[in-house]
Each structure stands twice: as C-alpha cells, then as structure tokens.
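You will see chain A twice below: alongside chain B first, and alongside chain C after that.
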Partner chain A sequence: MIATMIATIIFATMMDSIATIFTAWFGFDYNTRVVLAGTALLGCAGGAIGVLLLLRKRALIGDAIAHATLPGLAISFLIATGLQWDGKSLWILLPGAAATGLLGAMTVIAIRTFSPIKEDAAMGIVLSVFFGAGIAMMRIIQQIPEGYAAGLEGFIYGKTASMRFQDAWLIGVCGAIIVALLVLFRRQIELLCFDESLARTQGWPVTLVDIGLMAATTTIVIVGLQAVGMILIIAMLIIPAAAARFWTWRFWPTLATSSVIGCVGASIGAMASTMAEKVPSGAAIVIVLVVLFSLSAIFGRRNGIAWRLARRFRQRHETDGQHLLRSIYEWLEFQGKKPQDFGQTRSASFQLSELEFVRNWSPSRLARTARRFERIGLMVQVGRMHWALTASGIQQCVRAIRQHRLLELYFAEIANLSPEAIDRGADYSEHALDDQMLAELERDIAGASNAYEVPESIHPIGSREPQVAQVGAQLGTDHGKFPKANQE
Partner chain B sequence: MIMIATIQMDFWLDGWIIVTAILASVSAAILGNFLVLRRLSLLSDAISHSVLPGLAAAYLITANRYSWTALIGAIVVGLITVWLTEMIGQYGRVDEGASTGIVFTGLFAVGLVMIVQAADRVDLDPNCVLFGDIELSPLDSIETFIGLVPRATIVLTVCCIVNALFVVLWFRPLRTATFDPQLASSLGLSPRSLHYALATLVAVTSVCSFEAVGNVLVVTMFIVPPTIAFLLVNRLPAMIVVSAIVALLAAVLGHISAVAVPELFGYKSTSTAAMISVVSGGFLAMAILFNLKTGVVVQALRRSQLAWSILSQDLLALLFRDSERGQPPRAIADISKTLLSRPWVTAMALRGLVWQGYIKREESSNQAGAPAGNGLVRYELSSVGRRKAQNLIRSHRLWEQYLATTAGAQLDRVHAQAETLEHFTNPALRQQLDSETQQPQSDPHGKAIPPEDSGKI
Partner chain C sequence: MFAGRTDLAISIRAMTVAYQRKPVLWEVNLDIPTGTLVGLVGPNGAGKSTLLKAILGMVPTVSGTVALFGQEYRKVRSRVAYVPQRSSVDWDFPATVRDVVTMGTYGSAGWFWPLSKRDRNRAHEAMEQVGILDLASRPINQLSGGQQQRAFLARALAQQADLFLMDEPFAAVDAATEHAIVECLRTLQKSGKTILVVHHDLHTVPEYFDYLVLLNVRTVAVGPMAETFTDENLRRTYGGRLTILDEVSEAIRRREATRP
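After this line comes the complex of A and B, so read on.
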C-alpha cells in the first residue's frame, strides 16, 4: 500500500512535469497538455504490462479483451439512458466495459479449459463474437435520440480530444497502481514469466498471478479506450515490448525500455493527432510506435538488422579473404611455385582468372576481394592481369593454408570423417579458428618439429578436377597427374 | 413463431441480403477449416485488418469499390502480412501472436489514416470498415441475365467458387500439410507455399466480403463455423461440409434475428453482419455445451451417470455384505455415512433401485430387531438384486485374490483397488480372473467368494 501511494505520488509529479515540458517546448494549451500527459503515462504502463504479456505468450489476449469491451459500453449506456442518467459519463461506461472485457478474458480461458478448442481459435471467437454483439447494440443505440451524439464511436478508434483532466488522472492512478504492483510482486512475476513450473513447485499461486495479469491488462485497455480506441489498443501493449526485445534481453531493462518506448510513442502520436485534425489518435499512436519498432529492429543492439547485416558483411569479407589466400597458395603450389614464408618478398605471379580453377568464384567477388587486398597491402599488381603476393601477403597466405590443412588432418586422423566431409568441414570451420585452437592443432597433429611448415594437402586440389589436371598437363608440370577425386 | 410472424420482409431486398450473407459466410468457412486446424485462426484476424491499406490505396487510385486494383492491393498486403509476421517472429524472437499483432495493427493504422485522409474523395466510412454494410449492398446492383443482382453478391459468388475449387483440387496436399507438415514436406508438397496460397485466399475473401461484413466480423465467419464443425465431426471432408452448413444457417438466422429481435423491443432492425456473428456465437456455445464427443453438459451427464451407477452398485454390495454378516437392515443415514455419499443422493439411488426391483423397501413398525433411532424405513435385497450383488461381490473378491496372489500386491492395498475395479468387470473377465487364480473359494481376507450367477431365472 505504501508502495502504491509512493508510486501514485511519483506518477502525479511526473504528470505535472511532463505537462510542464510540453508547455515549455511546444506551447500547447492546458487541455492538450493534460491529454499528452495522460497518453504518455498510458504508453508507459502499457509498455510495462506488454512485456509480461509477451513473455507469457499471451500477447493477443489484450486484443480479445479490447474488442470484448464494446458490448459492455453499449449495455451500460443503454441501462444508464433507460434510468435517465448521463449515459456518457465515464463512471458508468468504464465499469461496464471492464465487466465484459474481463468476461471475454474468462471466456477465452473457459473455452480453452473445457473444450478441445485451441487458444488461438478461442481468442478469435471471443474477439469477433463479443464485438458483433456490441455492434448490434450500437446500431440500436444510434436509433434512440440521445444515442446519436453519444460519441461511443470514439471508443472504437480513439479520440483524445474528448479526454478531460479527470480521465488523465484516472490513467495516471491506474498506471501507478500497476507499476506499484509490478514492483511489489516482482519476484513472482519474473519467476512466472521465465519458469512457470518452478513457480508452481515453489508454491506460488500461479493462477492468481495470471488472473492479476489479466486484470491489469483489462485496466490498461479500459483506461486506454478513449485515447487509442479498442481496435488498436493492443498495439500499445505489444509493440513497445517487442521493440524492447531488440535492445536488451534482461528482464528489468526490457521492462524499462518498453515503458520508455511506449511513453515516447504515445506522446508523439497524440501530439501528431492533435495537430492533424482528421487523423484518429489511435492510428497516429500506432504508426509512431511502428516507426519506433522498425528503428529498434534495424538499429537495436541485440539482433538489430543493421548490426546483423554488418556482422554478416564483415564475416563474409573475412571468409572471402581467407578463401582467396588459400586458393592463391593452392594454385601456386600446384604450379610448383609455392610461396616461401622466408626469403621471398614477392610470390610468383598469377592471374585472377586462373584461380577459378581452384575454386568457384564469381569474377566480380574475386576482383572485389583482390582490390581490397591491394588496398591493405597484401597483394600487388605486377603487369596487366598479373598479381603477386607481398611479404605480408605471403605470411597471411601461409597462415590461412596451414589452418585449413591442419584442420583437414585433424578431421581425417582424429575425427575420422569421410573424405568427402573433410574438405567441406574444414572449409566451414577454419574461419572460426583462433590462435589457441590453432596452437592445439599444431601440437596434436603436426608436432612441434615442423611447426612452421605447411602440411601437404591430403586430397586433390581444385574444384574442377579434370580441368585442373588438363591445365597441369598443358603447363607440363609433374603435378599434372593428380589422383582423381573419385578414386575410391 | 411470434417473431417470424411479426417480421415484414421485402422479398427482393431481404432475399439478396440473405444470399449475400450466405455467400460471405460459406466462402470464409470453407477456408476457415484449415486455419482452425493449423492453429492459424488469428491469421484471419490479422489479414482482414491489414488488407485495409491495400484497399484504401486501390480506392484512391481507381475511386471504385470493386476493382482488380483492390483485389491485387489486398493480395499484396496480405502476403506482406504473412511474410512480415514470419520475419518479426524470427528476428525479434517473439511468439507468433505478438508478431501478428505488430503487423496487423501497424498496417490497419496506416489504412485508417489513408481512408480518413481520402474521405472527401472516396465514399468509405471508417465505421463500415469494422462491420460492413450488407443492408446497403442491394442498392449497388447491376443488370445480369437473371435480372438485377447486387454487385457484392456476384463478387462473393466468384470468391466462394474459387475457395471451393481450391479446397477440392488441392484437398490432398492441404490435408497432409495440415495434419503432418513434416510428411508433407518430405513428400515434396511444400507446406510453405500452401501456407502462402491459403493466406492469399484469406486476403481475397476478406476483401470480397469487406463491404458486406467488415473486417472484424469476417473473423467470426472464418473461425466459428469450422470450430463448431470441429466439435461435431471427426473427418476433414465432413468437417468442411458441416462448417458450410453451419455458416449457411447462421447467415439465414442472423438476418432474421437482425430484423426481428430489435422489433421486440420497439426498435428498427440492426446490423445483419453483427447478428450473424452473435448467432454463430450462440451456435458455438451450444456446440461446446452439448456436442456428443466433448460437450461440457454431455460429459457432466456422463460423469454423473457413472457416479450414479457406481453408487447403486455400492449400495447393492453393501446390502449383500450386511446380509452376509447377518446385520439387521440399515437406515438411510447409516448407509450414506458408510458410503460417504450425501443422504439425499443415497435416498434417490435407493429409490431408483427399488423402482428397478433390485431392492425391497419395508415400512416396518418399531420391531425389536431394529436399532433405536434408525427410523421406520428399511431396505433389503430382492432376489434379482441379490443375484446382481452376488456377482459384484464375486468380482470384488476375485480381484482381491488376483491382486494378492498373482499380481503380488500388498494385502492392505487390495481392497481399495478391488473396490474400483469391481465396477468395470464383466462375466468374461470374472471367468478369466477365476481361472488365473485357480478357482479360489475365499479371498485373501478369508471371506467366501460367492459362485457366479449367470442371471438366468
């Protein structure tokens, strides 16, 4: 309770300060400030709850709850109007909405428990059937004189303009209570999200916590109906949480990130919709949230697409480079002009097109890698079409081929792989070898004596075997007679 | 009957509304079977929401409600939805529900903004997006060889035929991919492309029924009739047929109730699409409660019937044991205390047994044999009841003997197990038990095992 009070105070202060910021920066009037502050808090609380829903794999239950609020709104409006009360008062509409919303959530759980129908179908059923009932009643409400101006449609798509100070307060208080509960039950919630069965065996009331989560979700949905509308409120729960997953994988940081993203998205969206007359605020908020999500998906430190692409690009560069070095060595060795690690400052020359006999390259990729090597000083061009390795190029080249052949030896002698698997296996794993593993391989395979020598290849060189043999024969070297790859 | 009598229907108008509703329902239900079985129900929700920007774009381009552009736009956006959902699920490491939610809310919001922006140029009300306007569909009619036909009806007829053809022609691959995706891919059927084909048709169906039922209520049509069929039948072809029939019934009843129900309260008619949804929901509730396989009520009845028969058998066995021990007949309170059942249930069961003739009910005056305070009514086995009880006791003791001697169970546990097993033992099994335990004369507790009574009088 104390925590709740503290959180309420903090939230209230935050609301004031957010409103002040908006005034100071953008010169909004008082009403707009209230709306913005309320929406920002809604985004904050929605983001926090969304993380829990996401981790419990219940993200779309929020959608079912949101759609299920419509009949509640309609019924409470009809009853209130029948009793000559003010049917548009939130204190009448929201309890009704909460009642059918919770009923919807319970129906999903009941259908899943008592019938063989799966959860996804149960959610779709509740969502559409409750909504259908609501629509049927709305059509009738439109026929009664008070009903036409009811503004109940505002709940469907969201209409921030109709938000008053007390509504913003309601959102603030609900958000505060939810955050306080999160803090209070943090252990149970964390345990429930990550290991439900452990939570059960430790004796935590899992079902109760689950129902609490449903209640919190319903609360957020209800207080958010005005701002975002029932169709799109689910976005406020899911999108910030999913976006946060691109930034961190730890629980509390995810919760914080998600809240921040929800807060920023909701306030920018609400601002945009107050400026652009016609855009429904729900749609504006969702679009901003989607933009934030896309930015997270691209630039997020965990799994972000940009980082992923960069990593892949770097890796491909490295791999290409090692492959080129290896094929140069193999080609020169095949011609009997093996690059010497000591005493040579330039290797024998070769043409890039010749390397295609050793390995399948796309010419452009080969040329690109060659140019990169030239830039970093591993290769120099000696005449038209002819290239040679520099001293450091030779060093790298010998290193690359040693890695490959040591691995091949390892696979052949210790791992006992079949001949077909050896080259391929070495090809895949040589790029991941670090110095320590290389040293271990040297100790195990080659022995300390010939630590700097390049082992002979244990299989014929070249991806196009017959042609290599042909070229070898044409060149008149004694390497012309390679053992055939399909010898055994 | 009262309802129907009060409705006044315009044959042409309501006729076409019903036909359109049926076509929309049936074409969605046919595809819905595969969505429900593959646990993709929410795909229909996602696609029906996300086709909005495609539709809006097409409206903006052609300013026409029905056009090839709209169809192509919707298909493209539908496929993008599926693809994006897969991508986000894969890279964002969130479950399918969440990635679906992100994609469709985003696309729907974009579509909404487009529609609102273009509201001056295109006649499309954002509210109709959600629940359609099937009542207005006859207003937009075109002349055909059978007379004036609403455009929506023609479009939905084509859609229905296409869906039916898809399901019929690709039935085997669809079935395999639905029930065993691994087998399907090992047979070279490519469940992935079938998935995309299904998504395309869901998008097409959503678009075709958009005007009529809107994008939320079409979800009902996709999911609810197949779910009902899933509860009622076991085989896929039967399921498809049943779902189509349910869809048809829901459409007809939905329109009738949309006209009739509000009239009962003195209002004019309400949305047909919404009422179809409500009626389908009602059908589903009935199917959940009363279907013969898994119905909640049916199962509860079965359970109580079983409990009832077990209690009756226990009563017979108790009376048999009492007479075996030479105990005086008991009163109900005593019996229910022994059998741990509620007194009124015991009384009902006893009454049932009396009615069946297994038990004799005796109104006794206070005789010397009766213990004090046991009331006036006493029960005894009739000769038929004695036979039945004898076999039951025989089952019980044979099981005890079998468990103690052959199965090697501990002596203090055999009674409880035999107490359960006795209710599920038929004469053949008794015969088998008897021979397996070398025709014993008494059970491990030393009680005599009564002989088999073949029941012939």
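After this line comes the complex of A and C, so read on.
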C-alpha cells in the first residue's frame, strides 16, 4: 500500500506538470489547467479500464451504471437543497450517484441470475427505467423555485466549463490511483482477464480482484460524469480500447495505447469545451475519440485497413509478375527457344501480344507488368514491340516455372485430379511457397535429378483458357498442333 | 485432518458434487498413486470436468474429502497444474505464445515485482519441451487448435508442478500434436510426475495410459490399465448405450488382438 501512495504522489506531480505544459502552450489560467489535467488523467484511466471491460466482455455494464446514476444525482440534490446545504457539491452528489449506479448494475445481475431474461435485455430494461426516473426527477427539480438545476444538466452531457477547481482534483486523483493500481496488480488482472481458472489455481484472490475491477469501473463512471456526461461516458471506456486493438497484439501495450488514446481524446475534447462554453465536453470528447478510432482502424499496424489493402495490392503485383514470367517461359518453350539460365544473358525475343496466347490477360495489364519488369531490370526492349529477358529475368523466370511445375507434379502424385485442375491448384498455392517448402518439394519430387532442371509440363501449354483457341487463331498459329507435352 | 498418505497423488473419499441439487458426482472414491499416467474416461455428462474442478476446489462439494499428496489442496497448490479445456478461454486475447506460457510462472512470482530471469527461463524451457519455441512471438489468435493446446501444456509445464490435471487435451487436435503431447506426458511421468487426463477416445486409452479411472457420476472402476480396462467395467460405465457399447467391444477386441 505504501507503493500505491508513492505512485499516487508521482501521478499528482505528473498532473501538475501536465498542467504546466498546458499553460506554456495555451496560456490557460491555473484553474483551467487543473481541469484539463484532471480530465486527461481520467481519460488515461478510462482507456485502461475499458480494455479490461472489453476483454472481460463486460463493456455494457459501464453504460448501465452511468445511466442509473441520474436518479441518485437528483435525489441527493433534492435532499441537500431541502437541508439548506450546497446541493452542487460533488461530495454530496457523487455518493448518491454511486448508490443508484451500483443499484442499477446489481439489478442487471439479479435479473440475469433469477429470471430467464438474458443480460442484454436486462441491461435495456434497467438502463431505460433508471434514466427515465432520473429525467422525471430533473423536471421536478427545475419546477421548484429554489431549484437551479442548471448545474445538473452538465452531468448528462458533460460540461468541463462548469467544473470547479476541487472537482478537477478529485477526478485527477481518482484517475491516478486507478492507473497506479492497474500497474501494481497488472499480472493478477491479466490472469483474470485471460483465464480465471489459472488465476484461481495459482491462489490469487480472484473474486477480490474482480470486485476491485468493478469498483474501478464505477469510480471512473462516477467521477467522469461531470467531464463527459452520463450518456457518453461509455464511449470513453470503449472507444480507446477498441482503437488500441488495431495497434498491438500484447496485453500490456494494449492497455498503454488505450490509455494514451483516452488521454488525448479527453484532453482535446475538454479543451474545446472549456474554450467554447456552449459545446458539451462529452460530445467533443467523443468526436475526437471517433477520429482517433477511425485513424487506428485505417492505419493501425495490426489489422489496419490501409495495410491490408497495401498487402493485397503487393501480393497481386507479385502474383502477376510470377504469372507473366511463367507465361514467357511457356511461350518460348513452345517455340523451342527455352531460356537457359546458364550462359545466356538474353533470352530469345518475344512480343507481348504473343503472350496473350498463353495467358489471357488484357493488353494493358500485360503492358503494365512488362513496364514494371523493365524498371526492375528483368526485361529489356530489343526492338519495336519485341522484348527479351535479361540474365536475372531468366533466372527468376526459371525459378517461377520450376516452382509451378514441381507443385503440379506433387499434386499429380497426391491427388488424382485432371491436369487442368492441377494447374489451377498450383496457380493458387505457388505464391505461398517459401524456400524451405520448395526445398522439400525438390527433395520429394525432383529426387536425384538436376536441381536446376525445369520439369516438363504435365499438361498441354496454352490450353488453360477457352479463349486461347481464338487468340491462337489471331496469331496465325495452329492450336491443333500444341505439343502434348511429355506425359510418359 | 488427513491421514497423510504422501504416496497418493490424489485421494478422494465419498465426495459428492451437486449443481442445484442434481448430483453430478456421487460418492466418488478415488486413489491415484504418484508417478502414474492416468486416463479419466466416461460418457458425456459423467462429471469428468467437474471432478477435476472439484479436486481444485473450483466447484463446491456437498460432502467428502480430497487430499493431494496427503494434504489439503490449499497447502499444495503450487504442486498442482491445471490445463483447462482449450475452448474455456478467448483466443482473441492480446497476447503472444510467450506471454501465455509465462503466465504459468505468475503463481510463484509474487505480487508486484517484475518477473525474474529464472521465471522467463522456465517459460522458455517449457516452450522448447513441447516444440513451440518457434511460435513464441506469435499472437495467440493465429494459432491452430493443436498449437493452442501445446501452448496450454507449456504453460502448465512452466508451473513446475508435480501433479497435472488436464481436461481433454486431445479434443480436436491434429495427429502430430496428439503424438507430441503423449510423448511429453510420458517424459513427465518418467521424471516422477503424476498426470490425470480426461480422455474421450476409448481406442487409444490402453495405449496412452497405464492407470484408468472409469467414471459415470460414481467411480465405476479405478486401477492399473490391465486390470481395469475390461469389457465388464466398460459395460458398467457406458451401460445401456448400444452404439457406444459396440465401440467399446471393438476397442477391447483390438486391444486383445494386439496383446503380445
């Protein structure tokens, strides 16, 4: 516990330095700085707790708690005003909010346990009933003459501008304590989230840790009411966590990333609300968070859409390249001018239009791939419309055809498929071959034969597309004479 | 409170477990000597998984006592490793194989302080032992079923326990993994560990294990494989279910045919 206190002090100091940074950059007064720093720390803690809720599949319980706080707020305000106390002090409002919030969560659990109704339906019932009751009470508050409910509206949509100095400190300290506890009990929490049974057999107080987690969630929701508002506080728990999963596949980094995203979202959103009095901070925070989420979903290192598209594009590029190389080989082989990877620095020449005979591509696709080959030095133009492979082009070409035919032979051996089906199968799988698998294939299939030798094709060249006949006819070749290549 | 027979890895007396008054395990008596490789076999709903959980105190017992190495489970916790069913966890969890295996060492690592070099080495050795060292940095959501099972086994090995309780480690894994796991279990047994495995495939039972527990709510038979894996015992375990009975007699026939 001493360690917890030390960590708290460190975070309090950090909060102060964050506040200093805000002054230096934006010239805010001290009060605003504290508000921003407090909200930033809340974002940090919320982001981290959100990951745990998501992993425990408890994401929506936070929402139920948040919505169920409203009647508690209203009741404690009414009581306090009736007793002539300061009805807007957090020390009066928050305990009330926590009481009905927890009551809401427990009602959900009770409905789930003791009735046939499932958790999602229970959540819907509790959430709407408590929130509806709260709204009704707010109306009553607004109608009584002394009732100046203006401040309370801030709890629904979030309003950092109405936050007081000491409120901000409360929020910041709560956030810092939660972050510190997470750091301390990181292993126990990790175990609880991944495999409760392991945590139990190792003798950790699982139930206690779980209760602690729920307590932390409740605390975040309650102290975050003012900054984000009860309707949108769930966003501050869930969105950073969901966004973080696009960046990393390890537990601890996920927590850290989520914290940072939550922190950035909360501070920018709070700043917007502080500067423009009319903007509800909850909405501002959610908008910033959604922008961060979208950026993560697109550019996230782990599963971002941009990387996925780029990878697919690159793969298609590579596949196209290999197919073209193979086509060149097959065409030259068909003409009896097989490229030799020894002693030949230029292959026999060919025209791109001739390649259409073995590969049914559009001329533009052919030209595009050919230009790329020229750029990386696999092919050179040796005359008008005529191309030839360079030495390295020949080498890659022989490699590509070897891979393909070894695979074909392998398929022919293990699966009793038609030659066309085998060709197609090899087409699909050859690009996934790595060197080790290729070596295995060579050992199994090629056996003792020369490691550089290209096996003969097991199916007639050029017969793979129905259109080939027409292309052949256009080219003036007699497709009837295709060699029935070597089928011993 | 216990008689303290330390040569018995597991000793259960008159244990009853009930879920909402319906008995799942009823008056179970069980003695497992140390250093055995035990198959726990029974029909669906026989309470096999529940038995493991009851041994570990994860489900409340109505009556009866459990002693591990002659002591209460609480006192020998660190000597017991549990391998739950693969499907009991969410494999989308953000962790690498190394992270999962390292979790096995958390129990001895204390509350707060960073893991020691020794703990990390234990995880490393465990991965090496089950042949998943090359997968160490791979996210666990990219593992095949067999690899997941090996990761779980490695995690248990990293706990350096003396008693292993494994819930269906062979469910839906590839042949290579099944073989690797069996090899690994035999190695463990040779070094004096006790392993209790919930198993489904009657055909492989006599081949894999040297001790057998037949369970169908009650313990039908417990003992060395040769004496326990009999037609009569299996009939009593799977009683009345014809298709299973056929399967069983086929297994018996095959076993007798292969006996030298």
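Heads up, the rule we're going with is that the second predicted complex is superposed on the first by the 387 of 488 C-alpha atoms of A that agree within 3 Å, B and C clash if a C-alpha of one lies under 4 Å from a C-alpha of the other, contacts with A are read in each partner's own complex, and residues count from 1 in each chain.
Here is the rule we go by: a residue touches a chain if its C-beta (ideal position, glycine included) is under 8 Å from a C-beta of that chain, and two chains touch if they have at least 3 such contacts.
Predicted, not measured: the structure shown is a model, and the values here were computed from it.
Novice: Applying the touch criterion given at the start, work out whether A:Leu60 contacts chain B, chain C, both or neither, answering first, second, both or neither.
Specialist: After superposing on A, A:Leu60 lies in contact with chain B but is clear of chain C.
Novice: For A:Met379, decide between first (touching chain B), second (touching chain C), both and neither.
Specialist: Neither partner.
Novice: After superposition on the shared chain, which partner residues are touched by A:Leu198: those of chain B (first), chain C (second), both, or neither?
Specialist: second
Novice: A:Thr254 contacts which: chain B (first), chain C (second), both, neither?
Specialist: Only chain C is touched by A:Thr254; chain B is not.
Novice: Should A:Leu184 be classified as contacting the first partner (chain B), the second (chain C), both, or neither?
Specialist: second
Novice: Using the touch definition from the top, say if A:Leu170 reaches chain B (first), chain C (second), both or neither.
Specialist: In the superposed model, A:Leu170 contacts neither chain B nor chain C.
Novice: Looking at chain A, does chain B or chain C touch a larger number of its residues?
Specialist: B
Novice: Once chain A of both complexes is superposed, is A:Leu93 in touch with chain B (first), chain C (second), both, or neither?
Specialist: A:Leu93 sits against neither chain B nor chain C.
Novice: Return first, second, both or neither, reflecting whether A:Ser115 touches chain B, chain C, both chains, or no partner chain.
Specialist: First partner only.
Novice: Which parts of chain A are in contact with chain B and also with chain C?
Specialist: In chain A, positions 57, 245 sit in both the chain B and chain C interfaces.
Novice: Once bound in the complex, which stretches of chain A touch chain B?
Specialist: Per the stated touch rule, the residues are 54, 57-60, 63, 67, 111, 114-118, 120-121, 123-125, 127-129, 131-137, 139-140, 143-144, 153, 156-157, 231-232, 234-235, 238-239, 241-242, 245-246, 278-280, 282-284, 286-287, 289-290, 293, 297, 303, 305, 308.
Novice: Spell out the part of chain C that touches chain A in their complex, as residue ranges.
Specialist: My answer: residues 56, 58, 74, 77-78, 80-82, 84, 88-90, 93-96, 99-100, 103-104, 106-107, 109, 111-112, 139, 141, 155, 159.
Novice: Can you check the complex and tell me which residues of chain B touch chain A?
Specialist: 36, 39-42, 44-45, 49, 88, 91-95, 97-102, 105-106, 108-110, 112-113, 116-117, 119, 126-127, 130-131, 216-217, 219-220, 222-224, 227, 230-231, 258, 262, 265, 267-268, 270-271, 273-278, 280-281, 284, 288, 294, 296
Novice: Touching residues of chain A toward chain C in the complex: what are they?
Specialist: It comes out as residues 3, 55, 57, 184-185, 187-188, 190-191, 193-195, 197-198, 200-204, 245, 248-251, 253-254.
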